[in-house]
């Protein structure tokens, strides 16, 4: 089938190739004309010949609304827009309503797989009406990994991005677990070769996983991660997961811990810990850096 | 080669079979005579004909010291004892010293794999002198999974159980991450079929793992885990991991969260939350169950 | 001065008395006619004779918007509405804008003090223009505790409820700290008389506080809190604090822990812990309740 | 009565003065001869004329065992040693047993109050036999704050330090709660004057406390804590509290969060967060600092 694809970055560019490899026609648009198949969105839509026209939007979060708004003008009733970006699921309903005013249909689709997706396939979590999802199914089939896994029609509009959000929340927690274990092994000075220990875990253990494989790769390149700063961005889904958990009164201590660890990793100095140091100074009467518990106040006496 | 194997339960029994399948001779002892190859430990040791004699101890934690003490009497200088149980790594040094008094050698070996180990192989993390480990290597080869992973000689005595402990600590955190995501999906009433979402994650996602596969199995049998009580034991390694982290000033918030969640799961009522309820009652002046924040104290007024 | 006061529940009723005790005129309205000074809001507004008219709204969260909307019709340009309820600070801006359309002024005021406020005074945290806050100052003076503390004009509209929200977030964390300490003392079976230990802490310690005093009161009535269920509601501010922290990339692990503990306290069974139990069952091959770690799988052998 | 006092640092020195002010005789010993009343421990013991002789040990943790061992030689049956230092409660039993061999009696006493103790009195939590505690009571009376609070005989030997340990664990959690609230107020840019908000909380609020008073003091000196580094030591009791909680299967998420925050505050770079960054790099294919979630991989496209 025919697909318009907006956004040909690392994700979109590889997705174009994987869909074409499956025998479909893709008209890609990107503001970078060197990689674009169309000179603008209107041109892209114009190159699609069938009906309904199907357009996959794969752009950064801040660009989604402008693209959707422009597509609402360019497309016709019955056409389909798929948002494959990192949207918050609560935005899906709004965009679906905006497009529905023109009788344009909407599917939200969370996409996982990163730079490995071209080769391994992309895991897809989508939300929308069954008929609309079915209409896009050949594209989903092309993108997803081979075999019986890697695709779910999770529910109505928003359910796709909600699933992807929870997926990423879980990802935060899992990564934090490996990271804590790594730090402990490094700190304890008992295990001679930490990368070897992690490497051994790739088979036979309870914790074998793809993320473990990736961490082992990284440790093989850089045994003590000396080239890497302990600084971790967060992309939104972790925050939204904790917020959704709060809205539903669901305790998520491990995922929240992972999120907070990332926040801390980006601080040069912690205002909270300044307050701790200030209080210790107040009750212990000590110099601030190296301030001691009051009960430690006795200077060492020797006998 | 020849191995004495003490303890033929779910783990030991399967290990005997896997080692025998690899062509080695195993003389197993268990207090359950129906499955035992020897009538007592002395008989087991007596049936081993070579030198050095090698004995693998695979018994519950509380039984390890009595077995090691008895073996110290039965074995000869140069013989080797392997502790494959769930020992705390700090106990390894003590036991190694106890055996060293008789010139008996010691290897500690953390074993992962559970009921799947017979088929998939057991991941092994061992600690001890290189020569001693090398002497047991044919047995390790028989037990470990095929391929290049699943075995590590992690360092000196204690390093094996330390690695296994950290492995299990990581396992706690990973399981907690999946569990929190599961609860959020169940609670939010957005995703129609939670088991389907989990199932889809088995390929192409960042969070694919063996534990995910297991959770999907469980959800296929029991879609809402209705037959299962939210009650989780802990076996020691999670506690030791947090304690080792504290000893090394390593922050482990996600692993600790997982441990505390298990503690909470076993409480019928929480004394801490009684105290919370009591304080809210004191400052808000409300009935205890359903006690409200003081600022909510105004009874609803209608207009 | 003269004040209209909407809502005469536990908070509003006591506040009316405290303001009257300070010599001001209060026309209170409540849907409960037995305690109301006016038959409806219009009557209340009509009984206020001065200008500008000042109305304090002290009603449950869900009733604030209807009351504000009705007041927007009844009041005149220059009049002042104070929201003393538990509003989320983000709602203040919206309500201020709604009233500003009629040139009615708005102050948001977080109120702390609960049932003790009548006697001790209420801590007030307000937000709004300086002129507007100054115009209400005599009422604030009447309500606040004696002395130099207990009142802050925190900033523009919203800053009052934001401060109160953070106050309550801190309150969650402090209560959780006492609660955890209480549970540990109860569990450890070392301290003979836990209420006595807490009682002793009321003077000379680093942790002396009003909340401690309240917990001691509760423990004197009920030594082991046997009459109280470990069930704690949450009123919104704790959730909003964590959400505001996430919006600002501020790590709040202790406050989040306190919030999650309350969520857990209200669950009969934990879906997350069902998932944990299910995974342990899958890899360990054990019965679910009492499912064991795979490495514990060996049945006890005796020697 | 008469007291020997070993260790005349910030704590011990002030305690000597407070006890003398109450009319008792104190023979203090310190290795710093300028402040010492005796030239060595033997001289100190020799200057005590009554029976039983009572000696209070107020030295750093690492010095306690040598002092106790020396006192075991110098004292006589029936004499009493009080350990007022920051001992782990598990050490008390051992020291009591060591002294009991010579029929010397032992009391453990946790002391809180820091530099404020001279003026306000010290909170005391002690453990030991009732007769022994009673014999020291005049000293306890001199040290404790006026009024009915500030002293508890918590139970047998060890119960005093256990109570003090839990006190400090609670202290960690409370300080962390204030610190998190402080950071949020600073970060959110809504409240104009954060120190003013904290200052207002000193009366009428639920969170009023001595620690709050201290933090307000600090904020008055340094409005944004600009002179203070966000670096916090920990003195042992926080660690022991979490370990005791683990031993008793008590969930202590807030106290553990406070402890871990201190650990993090002392790290220049976090090995755990290096591992997080490394994994994100692996799956996202991005540069490490600023590595993005794979789904963010699409470079911005403009329209």
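Order of writing sets the chain letters: A, B, C and D. Residues in each chain are counted from 1.
Assume contacts are C-beta pairs under 8 Å (C-beta built on N, C-alpha and C of every residue); 3 or more make two chains touch, one makes a residue touch a chain.
Labels paired with UniProt names: A, B, C, D = 6-phosphogluconate dehydrogenase.
Because the structure is a prediction, the values reported are computed rather than measured.
K.L.:
Fewest touch steps from chain B to chain D?
P.N.:
Between chain B and chain D, the shortest chain-hopping route counts 1.
K.L.:
In terms of CA centroid distance, which chain is the most far removed from chain A?
P.N.:
Between chain A and the rest, the longest centre separation is with D.
K.L.:
Could you give the separation in Å between the centres of chain A and chain D, each centre being the mean of its C-alpha atoms?
P.N.:
Using C-alpha averages as centres, the distance is 43 Å.
K.L.:
Please work out the Cα centroid separation of chain A and chain B, and write it as a whole number of Å.
P.N.:
A distance of 31 Å separates the two centres.
K.L.:
Find every residue in chain D that makes contact with two or more other chains and list them.
P.N.:
Within chain D, the residues that touch at least two other chains are 112-114, 117, 168, 176, 178, 180, 183, 187, 206, 211, 249-253, 257, 260-261, 264, 272, 283, 294.
K.L.:
Contact residues on chain D for chain B in the complex?
P.N.:
It is residues 206, 239, 242-243, 246-247, 249-253, 256-257, 259-261, 263-264, 266, 272, 283, 294 of chain D that touch chain B.
K.L.:
Enumerate the contact residues on chain C facing chain B in the complex.
P.N.:
Going through chain C, the ones touching chain B are 6-12, 30-32, 40-41, 58-63, 66-67, 70, 85-86, 110-117, 164, 168, 175-176, 178-180, 182-183, 186-187, 211, 214-215, 217-219, 222, 225, 227-233, 235, 237, 253, 261-262, 264-265, 267, 269-285, 288-303.
K.L.:
For chain A, which residues count as touching chain B in their complex?
P.N.:
Those residues of chain A that touch chain B are 89, 112-114, 117, 120-125, 144-145, 147, 149-152, 154-156, 158-159, 162-163, 166-174, 176-178, 180-181, 183-185, 187-188, 190-193, 196-197, 199-212, 241, 244-245, 247-255, 257-258, 260-261.
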